[in-house]
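Below you'll find a set of structures to go through.
Okay, so subunit A shows up in both of these, paired with subunit B first and subunit C after.
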Partner chain A sequence: MSVMETSASGTATPPWLTDLRARASETYEALGWPTQRVEDWRYTRLPERKDARGPGAAGAPELGAIPAAGANRAVLVNGRYRPDLSTLVDLPSAVQIGGLADVLRHDPDLVELYIGRLARLPNMPMTALNTSNLTDGIFVRVPAEYDLEQPLHLVSLGHGDDAAAQHPRILVVLEEGASARIVEHHTGSGSYFTNAISEFDLADGARLEHVKLQLEAPAATHVAGNYLGLGPEAQYEGFVLQTGGTVGRNEVHAYLGSSESDFTLNGVYLAAGRQVLDNTTRVQHAAPSSRSRQTFKGVLNAGARGVFQGKVLVERDAQQTDAHQLSRAVLLSSGAEVDAKPELEIYADDVRCSHGATAGELDEAALFYLESRGIPPTTARHMLVEGFLGETVDEISIEPAKDLIRAEIRSWLEANVDKKSRDPA
Partner chain B sequence: MAADTQTIEQVQALGDQYKYGFVTDIDVDLAPKGLNENIVRLISEKKQEPAWLLEWRLRAYRHWLKMPEPKWAKVEFPPLDYQDAYYYAAPKLTEAPKSLDEIDPKLLETYEKLGIPLKEQEVLAGVAVDAVFDSVSVATTYKAKLEQMGIIFCSISEAVQTHPELVRKYLGSVVPYSDNKHATLNSAVFTDGSFVYIPEGVRCPVELSTYFRINQENTGQFERTLIIADRGAYVSYLEGCTAPMRDEHQLHAAVVELVALDDAEIKYSTVQNWYPGDEEGRGGIYNFVTKRGACRGRNSKISWTQVETGSAITWKYPSCILQGDNSVGEFYSVAITNNRQQADTGTKMIHIGKNTTSRIIAKGIAAGRSDSTYRGLVRMQRGAQGARNYTQCDSLLIGDKCGAHTVPYIECGNPTAQVEHEATTSRISDDQLFYCLQRGLSSEDAVSLIVNGFCREVLQTLPMEFAVEAQKLVGISLEGSVG
Partner chain C sequence: MSLLEIKGLHATVDGKEIIRGLNLKIQPGEVHAIMGPNGSGKSTLSYVLSGREGYEVTQGEAWLDIKHNLLEMSPDERARAGIFLGFQYPVEIPGVPAMTFLKTALNAHRAERGEDELDAMDFLKLVRQKAMDLGIGDDMLKRAVNVGFSGGEKKRSEILQMAILEPRLAILDETDSGLDIDALRVVADGINALRNEERGMLVITHYQRLLEYVVPDYVHILANGRIVRSGGKELALELEAKGYAEFLKAA
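Moving on to the complex of A and B:
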């Protein structure tokens, strides 16, 4: 905890928060920086930035360059909420969107109800590190039965050099029967380190569409934990795009603790150069009749590495669980690598659970076919990759986010896939 | 009551009988309890081993002291007390039953259910073989035939004396002494096991099995097996048997090494049905085995088939290192757990050479309060151009107190390599069961039929006689788990 944080608010920190930070700090100190000796981190080496605890200098972020993915936008710069950069229009007073520090000042009891309830600390050093730095972030609450139709664009900007670390925190609460569409967008400039935590609490029958964009600066490092709690008959439809940063790791922890909940998560990752992009998911079915679906697709160019670790846990009482998971990766050239660890841990017998994983190159026969029809090799490769990713991207229901993702894929292909990348070095 | 519990009791009862049968005043060559360098030296000395082997054992022992217990497997058991065990006992002179008439009829009933031939029953029940059953002559006939073809098939201790150059060249070349805690312990204190060498171009005409090995002693808890198939050779090796095995040792840490040179093929089949403990899992055998095959040569092939039904804890990952171009690795497995049994088993396929292929079919069946885990690694090294893998893992849960888990690790470092992995978990559907019952099958027969269908792909890769017994074993292992 830095000195600056406590003095910034000017008002007294509620005792529960002081206590929470202290516990988080202790947990982090006990667990230490994750290394590859820890099973959960065996495939991803997280460059050590443990000394970089302070936020970078708040420069002048160029918001103009960030395409809008919704009418309403809330912005964090280095983890601090910036009302001056945020635009929130046409919102009924019952919908709460704003800075977490602000809510902590005016209504700390409300935050206490939700924060850290899903993002538990044990065994999670990075979550603990984020929580020990908890001062600000974005808070969203949608009241019961309200449908927040307009997509909400939450932007987290990072800025700074190797010594800069930011711990953005997002807390979203959907009350009974509420629904929302949220685009969580991480980007920035420099070689900063992001350690983001987002918590999404979905009450009975709530519905959330969520797109997470990991488009960090090329030299940045991104680690994030998305924690989800689904109430009875709650629905979550998520999508993750990762293509930024030198090392990027997105964790999704979903707790399906009530019956009839429905969880869908798809993802695309595009890695080139010396990038390591890691998608780690953990779906815990703890009540009967819940359903989960996951599909992750990766495209990897020379030197890059993709990681998929997906665990589906079905507890004793979670009968009639229906869980499916699929990881597919395309290796465009030699030197690329993908490591997948799809895991099933099942303690109930009346369940339908399956997973699949594949890895390989683009179909030579399909390439030949396209070329034989007069399509230039580079275009043919672009078409095949777009086709491979297309079926997953098409399912995104937030239109502006879908367009943005398609554009990202296209520009990544332009930059990374040409005729040459086909020939093994 | 589950059938295997019955058999357990029978075996236990039998064990008691044996206790009274021991002749106590005969000098039994037994090293003191505990493990230290002197014990390792003693074992080596008793076996009159050359200096290099003693050195190797000692290196393993010293390394073992520094190794932590492996904790990654999904099995739970109290810490092992290595000092509370015997590591060397010369073959005991015991008063064995003279004929099957002296054996508990209940045990014989189990053998009958399995359809084990009479002579074999005698061996399994521990009847003094030489006295009643002329296995020696059968085995000798085989041995003479094999010797004619240049095939070496003997105990590893014998091989150390008669073919030291082969043993020295290959021992530890697939599973190095520093491999893992259990394999390292085995390297330090192994006392027996099999040695097979098939010379160039020879196709072994019979299925080799420890059963035919002369001087068959108690195989011991630290078994070491080394099989070498020279260029173009072929051998099929059978380990274990379907009948419940009686054994006093709790910890079994065996090591099996296979080496296949150019165009050679080794087929290794295991049926394991050791004492799984009582219903609460007390007293069962810990089966911590390291099995690995190296496809060193071009076009070589190693195929593992295992049917695992016994032991309290199974910790076993028969693996293939596919080094030679175009080499093939196969792993077919059925793992059945009941009561409190825990099985963490799977394979590793390491693709190094070009156009190497591997196929993994694993079937896990969990019943009672047991846990069954498939844990496997498929690794495509950077140079594994055009390599292929196909993996299928299916789990079947019987009852709502058991657990079935799948933990595959898939690492692909070559774009021309293709990896496919599929896994499913389900239970015996009510429809299937209802259909069988309304056709007049008992619920136990129905479960046996359905589970056998579920395992079919694996069971049919077993050698004929083995397959028939294994099918019956599948049914027997699950008796009492439904209804």
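Moving on to the complex of A and C:
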């Protein structure tokens, strides 16, 4: 048992955590709020919210309006775990799901083993800022060889105005041969700022299907880092949907440090108005014979902007790496824009790597073909966009999440895409 | 009462005049063939009638069933009024399932006529029946619109769409191109099965071959954007024997 100190609020804080927060705070202070002068943030201006520290307004969030993506649901409100809003049924006692603060109280050594191991601080100001605020979150641990078949719905709700900042934290540990399906769902109301960090530690042969939904309130700002570590023969199958917030940036950092691991990440982003949606990924192949696949598809209307920065790093020892990434975007308006920067950095000599990026308008010939069959122009445009996104969405294996994503795409199209797309106001 | 009446039509593409004073009347139940050399304006006519962007009408009129002023309608409105264009090169649309496409198109037509949408079972039955007649199997229907179809399959898929949408006037643009003799027969049988006393057809073709199977009531020769000669089905044979040169001199 480690020695505890007691904080002002009366909860015991293990010394390693006090130390971690202090280091995070120092790192954040040294790096400062990210600006476009930093290469990583060149394409996305993150509205400055550094003084937004306070938790958002309390109050009962509208959980009823959130469609369920699994029988088991764990809920954070402004980063705090809410057992009263969470529903965890039919779970064997060996599977651990609950509030991070609670685990920190009862089993801090367990948390210490994993937290911050993947979400490293150097050069990552937002990760440091999240970590300096670390008190609560969601903790999930699936024991060795256990298959958590039921999708687990992790909901993070934000509330509040411009002064509200939340730093949700999710830690998922899959032990050897364990498997799980997780839907990470970010939403809320107001103009709050979300700075989320999720860590997924996959041991040997573990398998995770993960859907991340960035459906924040329209006036909110969302920044997130998903950190993944894959053990030997571990498999990750991920999907990211971004359509919320005025600015949304989802970073995925995958470390393929053992051989024979398999990483798939697809994404869809839908942006309208003056929204900026950014997907930044970094896949590091550090051991032989691992595989990564990424396909991101964006649909941009009005004066919206999309960003895809995908870096695949293949280290010297990572022979027989097989890595592909593709960014495709459809621009529905002359004012819409996408910046795609797929990047390969390869130090091994026996690898198969490729990348590509395309951007263009909807196919006029296809539109005319549909219209010549009596299909109204608005419907025709919706069909073509759904067709463009369709095969990527079809690959999602968590059925309730797939249904939810299809419904989101449809309602986005209803709200944003009519006969002729609008130019920016 | 004319099914289609075109009066003094002029149309330009990229500022260049392609149709130069075209007149044509089609009565219900009639099949008209338009033949002409490359560049005579055959495909332009089909796009002008169906409303494709980039084909600008500078003069003239086109009326469907007397009441529909075609040139003032959008492509989808024309289609729901009863115009069907069989494409020379049907477009592949990845990601859009053929069945979704057919159902959306049919229901748009039904809504126009004030009819309820067809339910999934009735729709499936309708499509299966019509597809079988054209030798279109379930595997083709399961794919995305025209994606991975051979030339023959694409043309059969066009005829299937026509059979489902039951247009007033079918404009068939070079439907015979790229078809071998067996495929041509299947497609022609499909077209003939849709001939009736109400429906009109405008068959656009370069060669006489298709007209052996789809026998027209009238044949028109198009040259330099104008109809230079009209006649019965024997005109196609005369053209085949003499070639276009003879008729171009007249233009």
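Following the convention adopted for this analysis, the second predicted complex is superposed on the first by the 412 of 425 C-alpha atoms of A that agree within 3 Å, B and C clash if a C-alpha of one lies under 4 Å from a C-alpha of the other, contacts with A are read in each partner's own complex, and residues count from 1 in each chain.
To be clear about the criterion, a residue touches a chain if its C-beta (ideal position, glycine included) is under 8 Å from a C-beta of that chain, and two chains touch if they have at least 3 such contacts.
A quick note: this is a predicted structure, and the numbers were derived from the prediction, not measured.
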Which of subunit B and subunit C A:I97 touches, first, second, both or neither: neither
Touching partner for A:F388 - first (subunit B), second (subunit C), both, neither: second
Contacts of A:A329 with subunit B and subunit C, given as first, second, both or neither: first
Partner chain(s) touched by A:L174 [first = subunit B, second = subunit C, both, neither]: neither
Which superposed partner A:T379 touches (first subunit B, second subunit C, both, neither): second
Subunit B versus subunit C as contact partner of A:E371, first or second or both or neither: second
Partner, of subunit C and subunit B, that touches more residues belonging to subunit A: B
Partner chain(s) touched by A:I346 [first = subunit B, second = subunit C, both, neither]: first
Residue numbers on subunit B that touch subunit A, as the complex places them: 72, 380, 382, 395, 397-427
Residue ranges of subunit A in contact with subunit B within the complex: 39, 316, 319, 329, 331-361, 424
Touch list for subunit C against partner subunit A, complex: 50-53, 74-76, 79-80, 84-85, 87, 90-91, 93-96, 100-101, 104-105, 108-109, 112, 144-145, 161, 165
Residues of subunit A that touch subunit C when the two form their complex: 363-366, 368-377, 379-380, 383-384, 386-391
